[in-house]
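There are two complexes below, and they share chain A, which is joined by chain B in the first and by chain C in the second.
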Partner chain A sequence: MEIVTKKDNSFTVFEIKGRLDTTNYLDLEKEFTRQIDNGDRQILVDCDRLDYVSSSGLRVFLIALKELKKLGGKFVMCNLQNSIQEIFEISGFISIFDVYQTKDEARKVFNN
Partner chain B sequence: MIRQKPNNKYSLTIKNQLSEIKKIVEVIDVLSADWNISAKMNNHLNLVVEEIVSNIIFYAYSDKNEHEIIIEFAKQKNSITIQITDNGKHFDLIKYHGNVNVNAKVEDRKIGGLGIHILKKLVDEIEYKRMGNLNVIKLVKCI
Partner chain C sequence: MGSQIHTYTFNASLEVLEEIRNLISQKGNEHGYSKKEIYNLTLAVDEIATNIINHGYIEKGIKKGTFNMLIELHEKQLIVRLVDGAVPYNPIDQNLPSEELLNTPLEDRPIGGLGIMIAKQSVDEFKYEFIEGKNNNIFVVNKK
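Up next, the complex of A and B:
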């Protein structure tokens, strides 16, 4: 897995690439925590090149969503591949996360 | 260790360490190519095996010793059977419900418990047996 973070106006984009599983989910959890501790309240996760997510990865997304919601922030996702979309549906995540098909649609959610 | 046996079977023995999961990914890639399995099925096999094996590594052992987990794949005409054997504590995942409520609001969603829920949604049959000191889980996934 590779995580690239970029500042885009008022929000931070996380591009997660490759495979998010039980061997590396803690790396992503630490990165979310670091950004939130640094004051980021608006996060966009771009899953365009994320190929695989197991329940360990879902857990990290849920922790970040809950934390940002508590702090009055936003956690938005976009570009889910079909395999990830399927896991989001099975786990009911599709109804609790803000998921958009494209990055352009997703970025409209944020206050600039 | 990867061992290809005759009659469309693969087996793999790993240690109870999370880093061993990458060996499972490799074997599933090899058998997917061999058996001409779709990317979607490859993804499902990875999820099913990872959820069980990570559960075993996290919760099955009360000591710090090294243990072996055996994973076997067999292809039938219209299905794939996966058998996972460990010598950890007795755990019948069929009886485990984990209280996952997929309709709960975000504030009420509990962290964790999702792995077994996903696994049960992705397979067509699950069988659990306690044989001596072994947990033997057999899963069938239709192709």
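Up next, the complex of A and C:
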């Protein structure tokens, strides 16, 4: 897994590439925590190149979402591959996350 | 084609998950299963193998534990069987998040049980058997 973070106006984009599973989910959790501790309140996760997520990875997304919600922030996801979309549906995550098909649609959610 | 059974032994450590996925992908590919079927099967096995390694061995302080994986290739089915000698644990018995629970506010939802639910829904059949003192977690994919 590779995580690339980019500032885009008022929000931070997380590009997650490769496999997110039980061997590396803590790396992503740390990165979310670091950005939130630095004051980021609007996060967009771009899953275009995310190939695989296990439940450990789903938990990290859930933790970040909860944390940002508590702080009045926003946690938005986009570009889910079909296989990942399916996991979101199976787990019920699809109804609790803000998921958009494209980055352009997702970015409209954020306050500038 | 007759049936084939491949048996592997792994150390109870999270590093082996990659090899497990690779072996399943390789055998599934060779025998004509679709990318999606293989993906879902590897996800299911990944979830349960993670639980076995973490809860069955690492959290119990068992350092040199091993477990087996059998890949069974039948004419109409691909079956993966994880066999471990850790404490008896039947994942099917565990309470899965109900529809009701999934609809409760996020803040009030417990986070456990997710991997088992994913495993159950990712294969045609997910079974547990306790055979000769060992946990058998069995994942069945039917050839379409």
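Heads up, the rule we're going with is that the second predicted complex is superposed on the first by the 112 of 112 C-alpha atoms of A that agree within 3 Å, B and C clash if a C-alpha of one lies under 4 Å from a C-alpha of the other, contacts with A are read in each partner's own complex, and residues count from 1 in each chain.
Basically, a residue touches a chain if its C-beta (ideal position, glycine included) is under 8 Å from a C-beta of that chain, and two chains touch if they have at least 3 such contacts.
This is a predicted model, so every value here is computed, not measured.
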Combined model on chain A: chain C and chain B, fit or clash:
clash
After lining up the shared chain so the two structures overlap, which partner does A:52 touch, if you call chain B first and chain C second: first, second, both or neither?
both
Considering only touches as defined above, state whether A:23 meets chain B (first), chain C (second), both or neither.
both
Could you say whether A:101 touches chain B, chain C, both of them, or neither, answering first, second, both or neither?
neither
Residues of chain A contacting chain B in one complex and chain C in the other:
21-23, 52, 54-56, 58-59, 62, 65-66, 69, 83, 87, 90-92, 95-96
Which of the residues in chain B end up touching chain A in this complex?
18-19, 21-22, 25, 39-40, 43, 46-47, 50-51, 54, 57, 100-107, 109, 111-112, 114-115, 117-118, 121-122
Chain C-touching residues of chain A, taken from the complex the two chains share:
21-23, 52, 54-56, 58-59, 62, 65-66, 69, 83, 86-87, 90-92, 95-96
Where on chain C does chain A make contact in their complex?
14-15, 17-18, 36, 39-40, 43, 46-47, 50, 54, 97, 102-103, 106-107, 111, 114-115, 117-118, 121-122
Residues of chain A that touch chain B when the two form their complex
19, 21-23, 52, 54-56, 58-59, 62-63, 65-66, 69, 82-83, 87, 90-92, 95-96
